[in-house]
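I'd like to ask you about the structure that follows.
In this document, chain identifiers A, B, C and D correspond to the written order of the chains, with residue numbering beginning at 1 in each.
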Amino acid sequence: MTNNINLPLCGIIPPIVTPLLDCDTLDHTGLERLIEHILEGGVQGIFVLGTTGEAQSLSYRLRYELIENVCKLVAGRVPVLVGITDTAFIESLHLADKAAKHGATTVVLAPPYYFPAGQPELLEYLKHIIPQLPLPVFLYNMPSHTKLVFEPETVRSALTLPGVIGLKDSSANMTYFQLIRNMTLDLPHFSLLMGPDNLLAEAVMFGAHGGVCGGANLFPKIYVELFKAAQDRQIDRMMELHQLVMGIVLNIFEIGKYSSGFIKGIKCALSIMGICSDFMAEPFHRFRKDERERIHTYLEKCNLSDEINTILKK
Amino acid sequence: MTNNINLPLCGIIPPIVTPLLDCDTLDHTGLERLIEHILEGGVQGIFVLGTTGEAQSLSYRLRYELIENVCKLVAGRVPVLVGITDTAFIESLHLADKAAKHGATTVVLAPPYYFPAGQPELLEYLKHIIPQLPLPVFLYNMPSHTKLVFEPETVRSALTLPGVIGLKDSSANMTYFQLIRNMTLDLPHFSLLMGPDNLLAEAVMFGAHGGVCGGANLFPKIYVELFKAAQDRQIDRMMELHQLVMGIVLNIFEIGKYSSGFIKGIKCALSIMGICSDFMAEPFHRFRKDERERIHTYLEKCNLSDEINTILKK
Amino acid sequence: MTNNINLPLCGIIPPIVTPLLDCDTLDHTGLERLIEHILEGGVQGIFVLGTTGEAQSLSYRLRYELIENVCKLVAGRVPVLVGITDTAFIESLHLADKAAKHGATTVVLAPPYYFPAGQPELLEYLKHIIPQLPLPVFLYNMPSHTKLVFEPETVRSALTLPGVIGLKDSSANMTYFQLIRNMTLDLPHFSLLMGPDNLLAEAVMFGAHGGVCGGANLFPKIYVELFKAAQDRQIDRMMELHQLVMGIVLNIFEIGKYSSGFIKGIKCALSIMGICSDFMAEPFHRFRKDERERIHTYLEKCNLSDEINTILKK
Amino acid sequence: MTNNINLPLCGIIPPIVTPLLDCDTLDHTGLERLIEHILEGGVQGIFVLGTTGEAQSLSYRLRYELIENVCKLVAGRVPVLVGITDTAFIESLHLADKAAKHGATTVVLAPPYYFPAGQPELLEYLKHIIPQLPLPVFLYNMPSHTKLVFEPETVRSALTLPGVIGLKDSSANMTYFQLIRNMTLDLPHFSLLMGPDNLLAEAVMFGAHGGVCGGANLFPKIYVELFKAAQDRQIDRMMELHQLVMGIVLNIFEIGKYSSGFIKGIKCALSIMGICSDFMAEPFHRFRKDERERIHTYLEKCNLSDEINTILKK
């Protein structure tokens, strides 16, 4: 079932936000603009229904609608990865079936996140669910939200399950990343993707195949170029681009008081850029005037400056 | 909307397990036997779709089926409380609507549990969802699973929202309980219920209105009598019954290696008692032979001994 | 070596604050007044160099001076318990030697708190240090500060070591307390003491032998009477006294923003009461004007009211 | 007071283990061999009384003896950094005075680690202690052991205090590292050092001035060469050396079951290499036969292979 994908999956695969008009209505126009904006940046894939996409906060009806729409809009131009993480086994299967039906490329699965499972319980779960999935699967390590890590020994066992084609590590824990990297050095088709934007450059330097970076919703080209620079070991260029990413992280992601701030910041910036609405699904709410103005000021500074273009045109 | 319930809600309200034949099939016969078994014990309510009920692991279809069936089977003999905790606002509303439609008494709401929210975000969420609920609501403090506590100041604000009729505290944190107890001393209709079985006696002594104890699936009468003894300050009797509960906790709940052990233990014991299946929803799996035999031995000892009956008949 | 103590140790054993003139100077007059104030309240022991005593923040010279002075001032009127918790094995032995030399009754030992030890490592440590101690020992479970719990199975093994005469549980975890209580029911000389003030009443009801409550620095008689009421199962009186303790907790301990607030609050109140200085050892600093005024107001209200005296004189 | 050091401090500064004959006796011969072994590797400094040095587990007498001996043995060949972290303000000052008296270069200070302090309390502590230190100071971020992080805003304020010349980050959190790096870009004399061995290469690539890596006790030359390769952006060589370091981490540090394993592993390997004793201070104990044999096998493989020498001689 993995025969028509080029493995390992490489490059920048933005975890797209879910543009919303209200708490259960998709912003269709915004979604279309967002996808075109991202694809113009030269990304290598699209990840829908991840944490940045507020998947867990959306009704299932809306999740299905989103899968269908994204697959249609992308129309095979790049692979589509679909998050199917759920506390209920059956709902994960339903999501995977929708993904397969609409032509998605692969599914992405984090541990179930309500009941604290032991690692043997988690492994048994993987052994039961993975054979029932109609698409190949990325494991999704996201302990800040699932409160459960795919521990290295669990990953080692899961690597032997047919259909496991990669791991997306959003732990921000480079020690973990290094362990998994060393564990998978001999697997030529296995893809290791880095989550946090600020760790993309170093992860790629040390063997990551790409990144699933929230900021690539906003400035996909920067991330695509950063990935290339790191891969090609153009260190000076990589450092310049890395500093641009640090600017995005510090000025857009770190604005809010709570951990939800990075999604609020991305949606706020997309709204200022005229791409889509900044409506947030409960339990969150869009940034208010103060934060919006700070982001506005930062974005204006970026546009006015030739800095980005200069670097990108090099 | 709270006019036909006797407030505050008092007494033992078992959080029922969800009897399953397989991962998406309800054990109807088992459910009926379980409800009759519990009601014969003299309980004052039934709580469905709580943590003990593995709510988060069940498909929504099954959750709806369960709500409908429990309401029918209970048939107004005691109040039915329905868990509507969800990461998706809309899905919580759907669950609440089903509960209202089938005649449940009240809904029970823990914080959304994937995204780590700040307390002001959580309070705003409560302010948005509670007015949309068709039934009165219990807050459900369950930090071991939601990773988010209803902090005392958030509870204080939530107490002013119409429809909030109680709080179920499953934190096992008596300091927290004491704070909430002191905060609600002047609210004659507010009900404070204790979660963990081993803390029932002391909580009732210090002002709890009742308990939502998993062991009451198995031995409802013990809990009902313990509640009465604590309420009536029959201390010797209370201590005897408390020791029986400690026996249940130590010999049935604490068998497994992981935190899922208490549900596995209850389902295993119910299966041995011939009440319902011990099938567990993913990511968990029923106890294997060793644990089952240990519980069997304990239950036989209980049945053979006249101890329980002697105390209960006093 | 335990032959001249009445076991189990029972009653109220206040963990005294360390009155300081500056960061390395003992407030001798304050210490004397504090000890007389506490002993007048009818307490059954004095615990020096606990968490409330800021032990870890004091120089060793000062700790030795304090041990010597407290033993002299108490002069055998009640048992003196000395905290010897340290990250360095040898320093714990030195503290124990000073305690024995000056006539203390027993030492109190929490886990070493810098290196995160596994439970088998912790048990081995206990097996090595306890035989070298010149006095009997209380285990001191204090996970909020040591970040390491004496897990129930470790306690079970430690109970077999000669010289272990009790456990002081400051975890505020009544589930833990219940487990240890059940584990030690058959040990007539073993003393289980409760830490947090707000849990004293229920702990004693359920088998604790006494309490090591910070508020007993201020109002020892209230705690002594509460202990008696709980022990004698005078429930109405117990509840009245428990509410007084809750008042102390809410109005003196919970004033500050950080977890150090309870020590700052006790020292501030002692200073207002004219007993000793409120100087705090680094890294903490005394309450400023606002908090001091709030405590002052509360204490005045207490003094003016006849409530306490009425209850205490009953 | 910082005028005769070359700032920023750069390069590999091994955190030396403390060779012990028993729990309070320094292994003098071992210490001398260890220091000569490390200095032969070309390191740029020596850090004594860090976590790897088991500082918190040693008596003060021994800590003083160690400071004196290390300073004498190093005899000015490289800077000596002395850990003065303590829960007691006065004891930190005593340690700093010994360091200054014996000619150490700088002191290293992590947050006090028993009482959980708030960040404003921690900042006030820094403002009080730093002016009293006779030597310049590195902040030491080590949250896994102190349970208290120097949060970025606290670091920002601390940077303005005279005498603060660097930060050693042992958090293994590259997001934190990136934040601090961006905060100190404009401070030409400020030194940012990386703790964990496996993050040395990427940290130096992204601006760290050096590393305080435990494995440099064993193979100082590998770390020195890795540092140079990363600094000189010889990426292929850096990756080869990084893989050697990963081998050390996986085969020596990750052997034990508990977090103490990395110190046990280093001491065990040093003992096999004939450099010093593997005696561990309480609460830890040396590796037993099994682990020792695994490390032995690994070290033999290293020696037999020409791999290391080939790379190092390039």
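Please note the rule applied: a contact is a pair of C-beta atoms (placed from the backbone, for glycine too) under 8 Å apart; a residue touches a chain by one contact, two chains touch by 3 or more.
Only a predicted model underlies this, so the values are computations on that prediction, with no experimental measurement involved.
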item	value
Chain separated most widely from chain C, comparing mean CA positions	A
Fraction-based call for chain D against chain C, same above half, different below	same
Centroid spacing, where centroids are CA-atom means, of chain C and chain D in whole angstrom	37
Distance between chain centroids, defined by C-alpha means - chain A, chain C (Å)	51
Residues of chain A touching at least two other chains	none
Chain D-facing residues of chain A, complex	172-175, 178-179, 182, 196, 198-199, 201-202, 205-206, 233, 235, 239, 242, 246, 249-250
Chain A partner contacts - residues on chain B that touch it in the complex	23-24, 51, 54, 56-62, 87-91, 94, 111-118, 121-122, 124-125, 128-129, 144-147, 257-260, 281-285
